[in-house]
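In the two complexes below, subunit A is the common chain; its partner is subunit B in one and subunit C in the other.
Up next is the complex of A and B:
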């Protein structure tokens, strides 16, 4: 594969710019040409519990647009990725719904056939680009013990295809080892980031965020890495708030995996959006002081 | 002149409640060559049989069509009925309008009646060309083979040997005893497992009718019921068992002593590279582990191998080679047991994350006085005192993602362990059992459960979602008790997982060798789930114990005795009647290409060198039909199931 259509969703282009910067910087070096496609809309996931068929329709519509361009999809946001996966899964198993959605899509001259694949950064790196290929690009292996955070949407539910196992995901650890880092097991690995209840129950949400960060800190990790803009926002931007809620100070550098990969590949750190990380990333020995 | 009688069974309301019987009788009576058609409530009953017999005499019937249930159920019944009335038993044809019609179309009565008519028409059409066939006799070999020497295999062998038959008992491990030998006590009576097993093992060893082939595997089975040819691979023990007296000095001096994981102790202890699995082993002969012995792996072991130096009897023999042995038996009993599911199949239970999370089989070794700790219960990680133990039942069992079925022993084994722990560690120890439903179905089980329930063991109805191992090694988990509707947090020094029982990992290979089937769960499939629990689809091959499905010791022993008596039913006979529904070669068409000889799994085909034509050995042929499908010139014909007959049946419906 060389070309892939980029589907950013909502949070990355409005707030989590660092994720986009890192992926636009790193992936082309690994032989992936990112193509922006016009006309896509919301993935539908935030509406899922209000109107499921609307969610299916929106995801199908997005996929139909990429399908028309003949492009597979890269959805770096696990929330979007899950919406696409679910829509694909439901339509594969429910021809009546597929027909109904397609009749709606017809008004725009679109059809969803189900011929293209969609990837998240995790499986794109691990399964498509490949560990050996990444290894060849690593110039400065990272000497650090980095906690892996998968989040929930990337691995669950296990009855629709997800990029990794729902109980024992290991691809992110493998990717961390590929860039020279260590990634020890910690029992809080699959714990919630809190993002989902942030709007209604922010104190409970920040308790989850704070407890996980504390666990990471107490177990001697140098940093936490994420693959999800929602989780990243909680651990990175909300770290101070979370510390207040759980009563203590928390000092955990939080980075997107693609940022770590870029550093290990010897990229100019200015291009990886590191200044946008609000957590104390400068604690890490491999982060340059003056960016 | 063919005269056909059609007999339609209501099977109570099974058929009669769906298919319009009157219409079917009327339809049948109008078919060509049908001179008589009638119906009866239960054709398989005595009065039903009388209806058929009287009709045969009165109307001088030459062919009989019974439309009822599957021929698997009652073909032999009706064959006997028409034989009694003077017809050849192969002049019967059956139309299955129950399983193939009324049961599956019970909501569509009209269509079901139409389908029943077509099935009857097909059967009538075929019956016209049925040939009277003659069964013939074949001699029976009076010896038996039992594969697997756990409690089920031991019981079956002893039963057969006591009845005066020669038994070959094949076991792949160096000792007999199986899983039961690993257990400490047995529920619900708390007999010491080895105290009741060891005498049976000794009986096996001493019995003049039993030839024990340990450290051996069955690799090939040919032939059919009454006369199986079996090849057994005898693995080299690298010790001359005729010389070895089991003194054990070799294991004491082995350079690998204390360095090899001990399978019998489920990895909790260490052994030498030369070993007996346990001290009561039968036979008490030493075996060298070829994957661990330095001499076998690298050709040298220090200056000279100490085991060889110390053995005064000169029993060590590194040159020993694998031997093949050929047996001829009349019947085979399979009792190969089970494997325990790897608890890592449920990763969230943390089996790999702490040495203090163990399986119940490991716990058996831990609490056994002959185990690695001599029965002392201490934390495995640090040897500290155990203050609380939790049992997690249904690990992988009754789980739609893993094994859907119940393991049938987990509940009782946990209750037993709770009892034993209370006995060993006193009132101070906290005991928790997380269960789904306590299934105490066996004799005396409910009473045992009540004893535990009335004591101070905490029974929690719920499955933990995950088990946490803290950095300091302590273990805790949350579990929602569905009885009290409370989320409980449990701290535990030792967690005992009770995993699902699964088929042996290589049971698929054995099922191919024996040509027996496996169910969807992977266990060997019995002929009938209720009425033929020890039979398989292959005549003469029987199954017993956990290879057929999870079960406790009493059930395994009962099934083993059942299998032994079924096997006796074959090997105690002088001759067996052979099914004449087999392959036949049309000599005018056969060109002697030999394709059929290659495909025949029973070695029943041979090329006659004089005539240049392929022949069928009628004793060996089972009528599987392989050669008929393979023959490029249509010279192979299945008796009473010819291509012409099948085409005429198809003509009836299209």
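Up next is the complex of A and C:
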């Protein structure tokens, strides 16, 4: 694979800019040409609380647009990735529903056939680009013990294809080792970040965020890494708020895996959006002081 | 068609009511029959300790017909959608999907929902996205935008009215 259509969804391109910067900077060096595609919109996942048909339509619509361009999809948001996977799965198994969705897609001049694939950053790096290839690009191995956070929607539910195992995912740890880091097991690894109830139950949401960060801190990790813009927003931008809710101070650097990879590849740190991380990343030895 | 706030629909009538009844019937008939109330879903539920969500009770209550009670309760809005209940149920049931169905029915029957959630719908109907690109602050408290960071502009639906129209239609259709 060399070309892939970039599908950012809502949260990454409207506020989680560091993720976007890092992926635009790092992936081309690993042989992946990212193509921006016009006309796409929300994946529909956030509207699932309101109406499942909206989710199905929007996911199908986005896939139909990429299909028209003849491009496979890179969906770096696990929430989007899961919505696309589910819509694809449901339509594959329910031709009547597929026909119904297609008759609505016609209004927008679109058809969904189901001929393209979609990837998340995790499987793109681990399974497509490959560990050996990434290893060859590492110039400055990172000396740190980094806790892995996958994101619930990236690994569940297992009745549809997901990029890693639902109960014992390991690809992110492998990727961390590939860039020289250590990634110890911690029992809170699969705990939820709380993001999905941030709009209506913010205190409980922040409690979940704070509890996971405290666990990471207590177990002596140097940092936490994420693959999800929703989780990243909670652990990074909301870290101070979470600390207030759970009591005490929390001081955990939080970085997107692609930012860590970029650093290890010796990239100019300015290009990786590191000034946008609000958690205390500067306490890490490999983060340049003045960027 | 102008933007209709699905969430403020008055008492459902006619077709809408039929649709709700149909979903309720399927919900009641299909799902909780096989649930043997083992409680495994609740034991791993991410919203159990903090918010007292007990997915096994949601299963039992919807089977016994206490659907109105569930629809009127905030508890269905506390699910963090971690999907662990669906993953771990020994009977291959999905309490999370029952909870989603209950939320969908609550919305369709005009129950008041959190504005944070209805705002996302308004935003998608108006622009295709749950929010517009924001100005964010960096470590030094400097405000930055997509533009100042050198990121390309956000792709948008070419004809937003068409998308709106088809979403309004899809919202009234049952899946299946």
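The working rule: the second predicted complex is superposed on the first by the 291 of 291 C-alpha atoms of A that agree within 3 Å, B and C clash if a C-alpha of one lies under 4 Å from a C-alpha of the other, contacts with A are read in each partner's own complex, and residues count from 1 in each chain.
Definition applied: a contact is a pair of C-beta atoms (placed from the backbone, for glycine too) under 8 Å apart; a residue touches a chain by one contact, two chains touch by 3 or more.
Keep in mind it's a predicted model, so treat the numbers as computed, not measured.
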First (subunit B), second (subunit C), both or neither touched by A:92: neither
Touched partner set for A:185, first subunit B, second subunit C, both or neither: first
Which superposed partner A:143 touches (first subunit B, second subunit C, both, neither): neither
More subunit A residues in contact [subunit B versus subunit C]: C
Which of subunit B and subunit C A:240 touches, first, second, both or neither: neither
First (subunit B), second (subunit C), both or neither touched by A:36: second
First, second, both or neither for A:268, with subunit B first and subunit C second: neither
First (subunit B), second (subunit C), both or neither touched by A:168: first
Contact residues of subunit A, present in both the subunit B and the subunit C interface: 158, 167
Residue ranges of subunit A touching subunit C (in the complex, touch as defined): 10-11, 13-15, 17, 20-21, 24, 36-42, 46-54, 56-58, 61, 94, 96-97, 100-101, 104-105, 107-108, 152-153, 156-159, 166-167, 191-192, 194-197, 199-201, 204-205, 207-208, 273, 275-278, 282
Parts of subunit B lying in touch with subunit A, wherever the complex brings them together: 346-348, 350, 353, 401, 468-471
Sites on subunit A touched by subunit B in the complex: 158, 165, 167-168, 185, 187, 218-219
Contact footprint of subunit A on subunit C as seen in their complex: 6-7, 46-47, 50-51, 77-84, 86-87, 94, 100-101, 103-104, 107-108, 113-114, 116-118, 120-121, 124, 128-134, 136-140, 144, 146, 149, 151-152, 154-159, 162-163, 165-167, 169-171, 173-176
